[in-house]
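In the two assemblies presented below, chain A is common to both, partnered first by chain B and then by chain C.
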Partner chain A sequence: MIKTVENDVMKLNLEDDLIAKNVKTLNMKLMDMMDEFDDVSEVVLDMATVKNIDSVGVTFVINLYKKVSDTGGNFRVVHSSEDIRQLFKLMKLEDFFDL
Partner chain B sequence: MEIYDRIFYSGFAEVDEVVLEAIEALKKLNIQAFEKAEFRINFMLREILNNAVEHGNRFDRTKKVMLKILYRDNVLIFKVKDEGAGIEPLRHGIHDFVLRERNRGYEVIKSFDFDVMLDGSIVEVSLNMNKIR
Partner chain C sequence: MAYTVLIADDVRMNRTLLIDILKKKVEELIFLEAANGAEVLELLENNEVDLIILDLIMPVMDGYQVLNTLKKSEAFANIPIIVNSAIHEIHSIEETLKAGATDYFTKPLSPDDMEIILPLKVKNSIRMYEQQKTIKRYNDMTVEEIENATQFQKVMLPKSKNFTDVDLFIRFEPCIGIGGDFFDCVEINGKTWFMIADVTGHGIAASMASSMVKILFRTSLQHGDMTPGAVLTHINNNIFDFMDYSGMMVNNYTTFTGFVGCIYKDILTFSNAGQPYPVLYRNDIDKTIVLEESGPLVGAFENLHYEEHAMTIHHDDTLLLYTDGIFCNGQKSDFANWPMVHEYLSKNGHQLKGREEDFLDHMYWFFHMMLNTNEEDRFEDDVALMLIRKK
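For the complex of A and B:
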């Protein structure tokens, strides 16, 4: 996961699938950057490289959304595939953040 | 017709490897409309195999998970067995936490047109490919 910050916006680019075998590492990276959420107004998760996802991966996105929301920031997901967008809609995640 | 048969040790990395291998085996069948179902099959397989590793075998790497895929009358059947103690068929009040965790994933699977049958440590999921548009 590559992090860039520009104009008060933190962009997180995933580099691999959002699946159980990768989420442990992603959670460790997330722990390291949590304090920085206070310094930005928005966190954008770029899922352009994500082809495969499972419910552990979905839980990662939900936890990220919660952590950003807790600091008063906005959270959105960009560049997800149509299949993943449909899955998120099915899970009613669009009620919480933009897809 | 049996499409795929694999037994593997309990780990998320192994699940990923098996799912990708199983999807490749399914692609070779040239089932009509498979590409439209590929994402949901991929998601479903990860769900039931992750559950077998996590809730069934509780990450015990000495325990194994079995996946069999059959194709019959344009229906794909996925059978997964783990070496855990198993859970009762869906019934309130039994192993509530495990059921809740499993049910969340299974609700998504069901809304993807899969039929799910739980019996102890065996999960059988089927997908009628005639339903795929």
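For the complex of A and C:
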């Protein structure tokens, strides 16, 4: 996961599929950068490279959304595939953040 | 801890030499001696042996025979064997190592062999065998625990059964014996309640969570006039009341998709929390209806209110509910295949009545076929299928 911060916005670019075996590492990276959520107004998760996602991957996105929301920031997901967007809509995630 | 080394050599002097060397260089060894292969087998029957140092040329039964016999034996196959032979030919060395010997060294022993190499080979072999036994012990414990948990889960989940208003047919295939898929069906005060859920991940943690879902489902039904939406809301609230995820980055353990339905007379009410859309087969018109309503995952967000929906259900209508077993392994953009499930039921729904168990078998294998498009795509998630037919 590559992090860039520009104009008060943190962008997180995922580099691999969002599945259980990758999520553990992603969570550790997230732990290290959580304090930085206070310093930005928005966190954007770029899922352009994500082809597959599993239930653990979905909870990663939800947890990230909740951590950002807790600090008062805005969260959104960009460049997700149509399939992933459909899945997120099935789970009504669009009610919580922009897809 | 003492380890037992069995030294097999028909020449007493050779055995004594090896014992003298090892006594000086390796601590806590106990020695057994055999003058031929038959004595090796006899000693193994009555002693716990951690290493065999084996001569090849011996009377009665030679070293090759001993090696081959032990490697075929379930009880003794893993005992490390170091061959100690006067045979220098590479063919002999190759054959014994191929047959499963841990190592090979040749007689007569050089000073370096005696001082350094032989003691180190003995130590390494014993250490590896000890590690192997530890792994086996933990593996046996894990298998036993999973078997116990599997039995428990079998008790917890309902079987195919005839209720007053519906017939229930189920098929459950957890990927490691236990899993996070949950389903239940119960009659209370003339209403048939049912639930299907798929806990995040799979394995032991997911099965523990699914046990909790069962209790939350059943206890929520004891609260007066519940509705499916109220049940999901109640369960969601309880999860946040009961669980303490403080200090943890993630909540992966008690998050799940779930569908709760209730059949009372000719009305089906339901509420969906991210489950793949169930499909209702309408027997009278030979058509399927997809129940395209949904809501957020249970256990993901606090203070949710789950919506519910209602529709009529007729005699011999059949509702198919399933945990996908596909989305959860992340091996494909699986959700795109849900329409295939609906299509399958559309084509085969008319064959359902009286052949429900066969239908579930076919459905299960259909799931495999959807996913296993090549050798690398292994189907590795729990699958639960549930058919409910209105009487």
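Note that the second predicted complex is superposed on the first by the 99 of 99 C-alpha atoms of A that agree within 3 Å, B and C clash if a C-alpha of one lies under 4 Å from a C-alpha of the other, contacts with A are read in each partner's own complex, and residues count from 1 in each chain.
Keep this in mind: a residue touches a chain if its C-beta (ideal position, glycine included) is under 8 Å from a C-beta of that chain, and two chains touch if they have at least 3 such contacts.
Owing to the predicted nature of the structure, the values given are computational and were not obtained by experimental measurement.
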item: Fit-or-clash call for chain B and chain C when the two complexes are aligned on chain A; value: clash
item: Which of chain B and chain C A:M31 touches, first, second, both or neither; value: second
item: First, second, both or neither for A:S55, with chain B first and chain C second; value: both
item: Touching partner for A:T71 - first (chain B), second (chain C), both, neither; value: neither
item: More chain A residues in contact - chain B or chain C; value: C
item: Which superposed partner A:M91 touches (first chain B, second chain C, both, neither); value: both
item: Which superposed partner A:N63 touches (first chain B, second chain C, both, neither); value: second
item: Touched partner set for A:N13, first chain B, second chain C, both or neither; value: neither
item: Single chain C stretch clashing with chain B - from 6-14, 168-176, 240-248 or 294-302; value: 168-176
item: Chain C-contacting residues of chain A that also contact chain B; value: 17, 19-20, 52-56, 83, 87, 90-91
item: Chain A-touching residues of chain B, taken from the complex the two chains share; value: 11-13, 15-16, 19, 39-40, 42-43, 46-47, 50, 104-105, 108, 111
item: Touch list for chain C against partner chain A, complex; value: 198, 200-201, 249-252, 255, 257, 274, 276, 294-297, 300-301, 327-333, 335-336
item: Touch list for chain A against partner chain B, complex; value: 17, 19-21, 52-56, 83, 87, 90-91
item: Footprint of chain C on chain A - complex, ascending; value: 17-20, 23, 27, 30-31, 51-60, 62-63, 66, 81, 83-84, 86-87, 90-93, 95-96
